[in-house]
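What follows is a pair of complexes built around chain A, which joins chain B in one and chain C in the other.
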Partner chain A sequence: MTPVAVDSSNTTERTGLSLSLEGVTTYLRFGRELKSVISRVDLRIEPGEIVGLVGESGSGKSMTARTIAGVLPRGAVTEGALLLGGENLLEMPRRRRRDVQAKEIGVIFQDPRAYIDPLWRVEVHMTEAMRVHLGLSRSEARARAIELLDSVGIDQPERRMRQFPDELSGGMLQRVMIAGALAVGPSVLLADEATTALDVTTQAEIVKLLGDLSSRRGLSVLFITHDLALADLVCSRVCVMYAGRIVEMREGRQIFENPMHPYTIDLLAARPTIQHRVERLPVIKGVPTSAMDAPSGCPFHPRCRFVLDECREAVPALMPVRGGLVRCFRANEELRAQSGSPKGTLPDGEDDALES
Partner chain B sequence: MSAVASEMLVFEHESVPRTAGGRWEGLFQKIVVVISAVILLVIVCCAVFAPWLAPHNPNTIHLLDPYVGPSRGFPFGQDSAGRDILSRLIYGARLSLLGPTIVVAIALVGGVPLGFLAAYRGGFTDGIVSRLFDVIFAFPPLLLAVVIVATFGASFMTAVLAVAVTYIPLMGRLVRSAALVERSKPYVEECRLQGYGAWRVLFVHVVPNIGRILISQTTLYFAYGLLDLSALSFLGLGAQPPQIDWGGMLENANQGVFQSASGVVFPAVAIVLLVVSLNFIADWALDFRSRRSEQR
Partner chain C sequence: MGKTMLLKVESLYKDFRLRSGLFGRSSRLQAVKDISFLVPASGSLAIVGETGSGKTTVARIVVGLERASSGTVEADGVVLSPQPGPDERRRRARMMQMVFQNPVMSLDPHQSIGAAIFEVVSFHGLRPPSECDARVRELLNAVGLDLRLAKSRPQSLSGGQCQRAAIARSLAAEPELLVLDEPVSALDVSTQAQILNLLADLKARLGISLLTISHDLALVRQLADDVIVMCKGEMVEAGSVDDVLSRPQHAYTRRLVDAVPEIMGRAAASSASVPESGARRDGDAR
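Moving on, here comes the complex of A and B:
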């Protein structure tokens, strides 16, 4: 394998841009109605940083990514500020916004096979964006595509360029998609469940690759997953989403040790651990709701073990608690200590030992 | 119905692997394709070089020898007016190739843009186009063609246009449903993410992906067109004498079938050969996936 030569050209010429969402709300159109799918989302990703976004299906993770990338269904409305390097994308003229989003934001998905045109060779997928956006000639684009494939750890890149998507494995194809997403040198990479469909070994490789790319290229990465442990491992900060809202944000490695929001506490309690044998894993009663049919007040209140009257009426703000942000009226009350340790969580004593 | 049908078509093409033990099968397919290609080539040559190939003038009448079977001078026999069937077959290849070609061309030119328009604009436009198709669909195609021919007078071109009109909605519906399916696939969204223009996505990604369905259906419609035109000629509503086509020859030979079968058999065999060999070649052309892996 040739040593990585491309990166110098890409990292030195550009410093990455930070991405921040300020009070972003997205509505989808259903007939004459607008219903919100994400609500007042605040999020900031610095260049070289990987921020995790975790939540259940329907919690609004993917809609957040779609809002950022600008691929919402027809008739969708976004409010708030979507800042890329300080410029608000939502205030740009449509055409320019599409252009910036296409060039500055790369997206990879759970199922790379579905997201690549099966009819063309890998070469076409890799070079198309460079030829369209950067006006490169066929041979220039080809050379860069080979370098890119090489930089994401694909061996025999020339041979891969001549192959068709159905001839590559899932992990290999995900690398191709990553390389393709990086083709025009974006500042932001959105990984929407990008490792979910891969086996654990490949998952580990892709995660490592994302980490490398993020630090080497100064990419701002949003890592969307429903795998709390993986997010915790990969990300410098983790946001937990529920019903279209961010309910808790913590520095990496903190969310397991210091969950403050009742949802996060119960979510972590519901995970199986190898330290304890339990008859049945605890569950969170009720079913997850999406932002659309969230109840008034805190969206989690119908399922919350610590619910107060005020929870039913007002939506709590994100409040700083113990080095993180928590959207709960009782965030300061050390709920986990009161939670009576649902079966399956660590007993308090042992827990403290871990923390110290 | 058509959305499901087109999805099944895609499914069929994409997921049926060529069997591993298909060595003999592969060889057999190759032989069939070569034979089909030869037949097609012969028919095309007949059409192009008819004056040089035909042993007799196809319209020379020998009234004393109606319905005569194959003989030394007339290897395929003679028809109701004693005309040489072989020569008529050779000349007939011209209209029998030209007719369906025009039908298919018109169906493509009319149906493909309408189908895409309906799929892409949706809503009101889709409604108008689809209802228009429904109106044409409401008539049995051959009956509609008969009505059109009866209205405008029987001639080869009227017959061709009449059949073509009934094929536009067939093609349009197929393209509409295929485009709807294709357009909602994730890779099209990926194209949107990459910021490619709508026309680029249409022509570089969507159309080529629909292409296989389009090609296979086009050959199928060619065959149907040939049969429909033959049927019209058989009813006396197609090519008029002295024009010759295979369907017309069948009609002419029909009354004398018990005296000599050759007037019916040879044009019928010619029609079948053309249709079948075209289908084999189209199958082969679409099966590029297996050939692609052979090349590696």
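Moving on, here comes the complex of A and C:
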């Protein structure tokens, strides 16, 4: 089945398509220069699966989403293979690619209020894509919009259709965004920090909704977040990104039980927990870097407390370790067990202050 | 109780008038209903709640950015006037300082961070003019910022560095109380820990009291001794952080605690990787 064969009558029950990225590198144009923002990203999401992409600012997690959705800034170049149901989007003619991306890939963002037109009633927001991309009539689109709003747990959908965004709460509006992203019946849903701006209790509801939708509709969901604990809760597989590269990939729970990359280990330890207070939070020195500013060698080496000379020279490959993938020369050394004696740690003030 | 109370807030109410449309009927929103609490000297209290709970309004009333509809705020034994004149405002600014959520937006983009700190030091006349520069350097040091950054503008710094600068600026007034409104939620996870350690340090070293406003229960556990939980303007639960977060009594608090994505068994895992105290310096200690 080709990804463009969207039949509007049965899109809701259709089983989805898998999405896979193979060695995807994206460059942004700065004047005459091209700079990579993500490097050789490999990722696979099966229908009905939620895969997590965790990273800090500049890690390239949003650029990965924008590459998949085809909404990169002007002049951007993408290499590698972006496969949707086995077809490489990057090899398609531009027109067709945009058509497939518009119909097959839904995106929801962090702050719904920044993405929804405040002067549009919910109805307009919900039906526009269906009318443009599926050619539905106004009443058909309306009927489906109501059905969709209902399916994402919005009560009195008919009434909501007439309301404006500022009349809805943040959680409600995020549900509208999700329903809107599902309007044309996509196979893939990209959730870019979709719950970050929400309260914890609302976050829990939205996360549950995403889980339901993914299993019920066979959606392939990419769940992008900075919160490792949340990713662990939601995802069957978690990828940790740093400076444009995936540095560790593990099955959901395993990322906590067996973190092997120094970045993952320290990131987990640096997070305060609700269960108890620690005397001093262990910190990662310095600040996160983006792929554009990354140093030579392993991009994490200036902040790493297990750094070796070779880390400064070459980028380690993503190696299978303990059932996951780790991009570190010392991945086999059980670094976590050595965490208690961080000999390599320098006072971070200097490094921190110098990077700017 | 033997402890002296630095801040005493008594039955605070705040109503906002809402109007729908230009000629619409106006209605009243009770944002804060009967909130009372105490912050002991060198103590640390947190107010938690969700969006719209009124927690930020309470903080803004405490520092004088908002007028209470009724109720009193007493600091160091003095009842603060709801309509402070210039003198009283200056006194209040000496007494307490607020640190905001978005550090980049809370600093003037046209001013270097050194100048921003200098301004506060000289405004309060805390040092003779000849010593102001030295004091700025001392403050930058205290928050772990490189002195060379004094000439930088906020937009050229990272979020963590900006938040350090904002904290340095608030320390310039030598306040007894820091009011922190979501102090780390705009920062990256790996820099959050640095700022939390810095705040704990300042509290221990300078004996500053903290009033933290946050929705993040893990942060509250790390930073506060006592906590009050607000829901729709009302206080639904109050007590020590340990009691409230480990044994929440009110249904709303339980819902909050349960919604936090935590990893079970994490306690054991993380304590294994926490170094001995003092064995590790991490820059904030400078």
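Here is the rule we use: the second predicted complex is superposed on the first by the 323 of 356 C-alpha atoms of A that agree within 3 Å, B and C clash if a C-alpha of one lies under 4 Å from a C-alpha of the other, contacts with A are read in each partner's own complex, and residues count from 1 in each chain.
Just so we're on the same page, contacts are C-beta pairs under 8 Å (C-beta built on N, C-alpha and C of every residue); 3 or more make two chains touch, one makes a residue touch a chain.
Please read these numbers as outputs of a predicted model, since none were measured by experiment.
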Per-residue contact with chain A, leading partner among chain C and chain B: C
Have a look at where A:Asp99 lands relative to chain B and chain C in the superposition and call it first, second, both or neither. first
On the A-aligned overlay, A:Val283 touches which partner chain: chain B = first, chain C = second, or both, or neither? second
Could you say whether A:Phe164 touches chain B, chain C, both of them, or neither, answering first, second, both or neither? first
Is A:Glu56 touching anything from chain B or chain C once the two structures are fitted on A? First, second, both or neither. second
Which chain A residues are contacted by chain C in one complex and by chain B in the other? none
If we count contacts the way the header does, which residues on chain B are in touch with chain A in the complex? 14, 185-187, 189-196, 200, 204-205, 208-209, 292
As the complex stands, chain C meets chain A at residues 50-51, 144-146, 148-149, 152, 156-161, 188-194, 196-197, 200, 215, 217-219, 221-222, 241, 245-246, 255-263, 265-267, 269-277, 279-286
In their shared complex, chain C is touched by residues of chain A numbered 56-57, 170, 199-204, 226-230, 232-233, 256-257, 265-285, 287-288, 303, 336, 339-342, 345, 347-356
State the interface residues of chain A toward chain B in the complex, per the touch definition above. 69, 71, 98-99, 101-103, 105, 107, 109, 111, 114-120, 128-129, 132-133, 164
